[in-house]
Amino acid sequence: MTGNLTYAMIGGGKDAFIGEVHRKVIALDNSATLVAGALSSTPVRSLESAKALGLPQDRSYGSWQELIEKETSRDDCVDFVVIVTPNNTHFPIAKACLEAGLNVVLDKPMTCTSDEARQLGHLANDKDLLCAVTYTYSGYPMIREAAELVRTGRLGTIRRVEMNYIQGWLAQDLESSGHKQASWRVDPKQAGAGGALGDIGTHAEHLVAFVTGLEIESLSAELTCFGAGRVLDDDAMIRVRFAGGAKGSYNASQICIGDENRITLSVHGDRGSLWWAHETPNDLKLATLDDGTKFLTRGQAGLSERAAAAARTPPGHAEGYLEAFANIYRGVAELLNAKKLGTPIGPLGQDVPGPEAGLVGMQFVERVVASAANDGAWT
Amino acid sequence: MTGNLTYAMIGGGKDAFIGEVHRKVIALDNSATLVAGALSSTPVRSLESAKALGLPQDRSYGSWQELIEKETSRDDCVDFVVIVTPNNTHFPIAKACLEAGLNVVLDKPMTCTSDEARQLGHLANDKDLLCAVTYTYSGYPMIREAAELVRTGRLGTIRRVEMNYIQGWLAQDLESSGHKQASWRVDPKQAGAGGALGDIGTHAEHLVAFVTGLEIESLSAELTCFGAGRVLDDDAMIRVRFAGGAKGSYNASQICIGDENRITLSVHGDRGSLWWAHETPNDLKLATLDDGTKFLTRGQAGLSERAAAAARTPPGHAEGYLEAFANIYRGVAELLNAKKLGTPIGPLGQDVPGPEAGLVGMQFVERVVASAANDGAWT
Amino acid sequence: MTGNLTYAMIGGGKDAFIGEVHRKVIALDNSATLVAGALSSTPVRSLESAKALGLPQDRSYGSWQELIEKETSRDDCVDFVVIVTPNNTHFPIAKACLEAGLNVVLDKPMTCTSDEARQLGHLANDKDLLCAVTYTYSGYPMIREAAELVRTGRLGTIRRVEMNYIQGWLAQDLESSGHKQASWRVDPKQAGAGGALGDIGTHAEHLVAFVTGLEIESLSAELTCFGAGRVLDDDAMIRVRFAGGAKGSYNASQICIGDENRITLSVHGDRGSLWWAHETPNDLKLATLDDGTKFLTRGQAGLSERAAAAARTPPGHAEGYLEAFANIYRGVAELLNAKKLGTPIGPLGQDVPGPEAGLVGMQFVERVVASAANDGAWT
Amino acid sequence: MTGNLTYAMIGGGKDAFIGEVHRKVIALDNSATLVAGALSSTPVRSLESAKALGLPQDRSYGSWQELIEKETSRDDCVDFVVIVTPNNTHFPIAKACLEAGLNVVLDKPMTCTSDEARQLGHLANDKDLLCAVTYTYSGYPMIREAAELVRTGRLGTIRRVEMNYIQGWLAQDLESSGHKQASWRVDPKQAGAGGALGDIGTHAEHLVAFVTGLEIESLSAELTCFGAGRVLDDDAMIRVRFAGGAKGSYNASQICIGDENRITLSVHGDRGSLWWAHETPNDLKLATLDDGTKFLTRGQAGLSERAAAAARTPPGHAEGYLEAFANIYRGVAELLNAKKLGTPIGPLGQDVPGPEAGLVGMQFVERVVASAANDGAWT
């Protein structure tokens, strides 16, 4: 790790949750150093947060507009900008950053519409800039091993995918009592067209796409809103037909009491199957016609280079959510260092989700909403 | 257990699989004694099988017609008949038995059409005869506890059900090589309109109905036939809308290599959730808003009378598939002894699946097939 | 299964627990038919119990002495006698049976002293009679697979064994309140020299011996009596040195609240390891230097003949404690039919624990008690 | 987190494993900033490593002696020194640091003898300096919850402890082929008197002490050296008598093929039990007489302040080994900031293992070695 990259953060001030997570995981591997920020939606709170984080005063900005303007005029301009604002502001901020020549990293879902995502993708492409989307779960080493097993044909032709992302924290009405994380997620103005769909359904979509490489041809969806008074879905049941004939069943729900983050994925081909569960993220079960059922574990000898690159510690030393997240940023650093220093891009860099992945996510949301609005018709 | 009941078996001869299972589980608890049989489709093989089982010669019959005729003319006529023939012969045999005044126990799926199931139900009802359907999985003690937890409101109003019944044994083409179990299951003439749907999807449907008591209002289904040359589905993905607003997602598949019998059920209400998995059938996980997440186990103190009645051994002494199956027959014995001896009907008797359950199963198959044929339209 | 064998039971009357278990598991596979009994310690209760079980009047005996005398004078004398009386009466009853020429099956621990066990073994040997001991847990198919993996060298030379048998039901004082199962177990007169040691420690010892074939060279033990007022141990911690240099750590306890029957075994050789847990008895984990970590399951293709013979249902259909127990009796039937009919002895018959296994168990109890009394000195 | 603390590292250069881990986990939470180092045993390699890490040239030292001398003469001297050198050099380096007035953090085992550990403890005490020992596993949030459950009496009086720490990576001879991690661990000159005992047995000892607060009164041990040609144990089996009457069984082994880091702890009292396993470190199972068996998870509402303070992310977002490790350093930062800034010491600071814990660990090693040398006599 060269450790010479710098970054700015937009959003992620004192009361935010996910900004702190981004900072931690960037620091874990010394992927980059935070040197600038416009951390909140008002100048006063932005500066307070910047002070609390110990940012230099001259790089503590009152607004993201100011940040873009001033950073791009510095010789030591940051190498990239992390945008961790509410979903509905991703697009204007990222657009302005890219137009100003700044690499960006966005939290998912990338934008509020696929059109916005497409624009950002084009912009990044035209300007040869990074526009990464932090789909955390694809950062798990055993998810990367899973993707490699599929890619190298160990499962044969994929036939069937089962994907569940189940939570319970919105089983009750938290939003009325001022719970910040709940409030913006149930508000279509801030969250976009999908509730559970946008929040966790997009993770589900990406995990399947990342592992299988399959393209969704059409889908049929049922969205439900169990919480009284809610406008957005808190439960999604989706059937998918992939190009090539495979089928998928996706479930995403936030109303299942006692399920904290039950993410399970199974992929079944005509030569073998694999199963992964977020509750034991360092394990991967693999069954093949040739070789029976095996237990693969993070860090063990014999895994693919992709999985090995994503691990830090010996087998048996549980790595978790933060490490998976940090792998995205290790990849971002590889990509930016490649440009800056000409260093090689390794497996981590190649696995950074780009704007195409973000776009597919937005299209997924839109197609699901459209199908659900049409009583589950295939779209 | 009084042990005085007797039964005859139709089907279940030497090469059959499930007939032997029925005999074992009836014997386990001495629920009844096998005294007569028409065990195969030809007289010669029937008599051979009867001899191998040590049946008395005068009650070893060459055909089911002969069995019905001769048994009903004996003073010591059997108390009930177990019908374990291919699906397509369930109806004529059961109809003839009931018309002759014989109680019957049928393997599931009950018949080939809902119309047939309805007829058998009416007949049984009119004649006050037993017409039980052996939905094995509802015989697990912790499934009965689950049903009781829902019934008594521990989960509040049910919102969401997830049900998976996943196998892998038909991932490859077994039927071409003369595998008996595979061959009849993929043949619509013998298996009926559903492949995986009829074979295991009906178990899935019944488990949900048994545990939740919910009625399916409409459903939307996708059936797939992954095996080359197959006519019937080997994979089903079904979304369900229950009366009252709950939703369900069912998956049944027989092409998932490495999955032997992965049956998982979760039920989520507005006050709590429960999870059960066939791989650890003696456990039940329960989460409620009031009391956190608990582990309930078969045999432990504090379970409902229904669950307690279905267990034989202390907690920690794994009971499995055969014991679950045997619980159906302990219930059958309770019902028949109640009629015969006036003994009380306990929880086991009350939980015997009757012709209504069989009918719902057939309707499920037909609705799924209809929806799938109509591109997943709600039926 | 020929189903022509008959047996008598001594003990196992109305209030007993384990006698009913023996009857169920013999019936499950039709291994033999119960035709005679002296079911309780008083004539009145013996006859009551016999009547409740529907035994013929002329074979319902008031005492075990009467049973032996009358059965052995019948032409259709039972093929074997199942003795399920308290531990302290095993010896005199079994001795009398063997002397009278009757095959016996005994619950474990076989006797109260190794001397008694040795005598029974000699007697059985001299008279060429069966003297089987029902070490249930060795009846699990995957335990038999484990034994076969060790025997065929898949693990290389065994180095280390970990064995835990942990229960919690004696964490509180049940014996004072008249709990029958608790009362005799804590009474040295009925239970012998070992408390938890005799009750479950002997199972632990046998499981290790069965799977590894290793002989205990010396052992060092700590016995503790946590329950106030108890005379016998309710907790045992034992270190073992096996002939050949392997080491073992055994724990047996009955005071661990919440542990219902936590039996775990791991065996580690210089080429591989295996792990088995009673909570998922149909699974066996195997790791070898050559082939990574594999998941073997009961019923699947590719297991040894020993494991296959011990299974009844396809993979994924949980078999449990009763089926394991029943496998002992299927083996007993094989052995007795071999003598009676000249039929071949299969793997089940070869795996029936005989008097040698029972003797080793008694020696184990005595050595542990001696070591513990000597502050853990190696014996 | 104030983020103003600075630290130096001694050891942990380019080829080292654990130094990098310390740096990562300090960075994760911004507990302190690395500003100085003497990273290797030769000046050349030290400076190379310092350069690779981007340390300022004037604080890149060629030896630990130079580091101590120069840092203590700076106004901006580091707040603490992290010592991650081989075990046998812990003592002289830590002693020199403490004598020079520097706070130290040591990897475990603290020293090579208990005498050395005692000296360091006295020195730290006399000078009011920090001398922390990084027992990583006590940093897991659910281990802290376990400790709190015991401390507050939820389990009643503790009776029995089972502790296993099992690895397999030394099942084969790695040391002969130049494997660095293996080589020093099997060398008594570098590793001290214990092999597996010192490396992982000390973790086991500390975990039990941390969770139960029990003091070892005497112990009886068996050490084995399975690897051909090894001098130090690679396997330890230890029985413990605690002050107050509780008993313990500890196993530590490094020759169990397929076990990567199988750490399991169960604690059994007269009112309840708890179980924790490193393979699912975010879970804790708790059974009490009053409330049945519950599943507690990291991050969920209702846990103790100690457990809550040790978590960063919502429940269901797996935290692992690095986060547990980082918790030790968050505690170190709390303690040092308390001294420096007068900020309050929270639960993390109170849970930092100090020199007493390190001393107990060394005494444990010595007592085990002594008992094993005396054929397992109680010491």
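By written order: A, B, C and D. Residues from 1 in each chain.
Keep in mind that, in the parts below, a contact is a pair of C-beta atoms (placed from the backbone, for glycine too) under 8 Å apart; a residue touches a chain by one contact, two chains touch by 3 or more.
All figures in this text were calculated on a predicted structure; none of them were measured in a lab.
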Greatest separation from chain B - chain, by CA centre: D
Between chain B and its twin chain D, rotation from the CA superposition, multiple of 5 degrees: 180
Approximate Å spacing (C-alpha centroids) for the pair chain A, chain C: 55
Rounded Å distance between chain A and chain D, as computed from the means of their C-alpha atoms: 34
Whole-Å separation of chain centres (CA-atom averages), chain A against chain B: 43
Sites on chain B at which at least two other chains make contact: 259, 285, 293, 297, 300
Footprint of chain B on chain D - complex, ascending: 285, 292-297, 300, 302
In the complex with chain C, residue positions of chain B that touch it: 3-4, 21, 23-25, 27-30, 53-54, 167, 169, 259-262, 278-282, 297, 299-300, 312-323
Chain C-touching residues of chain D, taken from the complex the two chains share: 159-160, 162, 164, 166, 168, 171-172, 220, 222, 224, 226, 235, 237, 239, 247, 249, 251, 253, 255-259, 266, 268-273, 275, 285, 287-289, 293, 375-376, 378
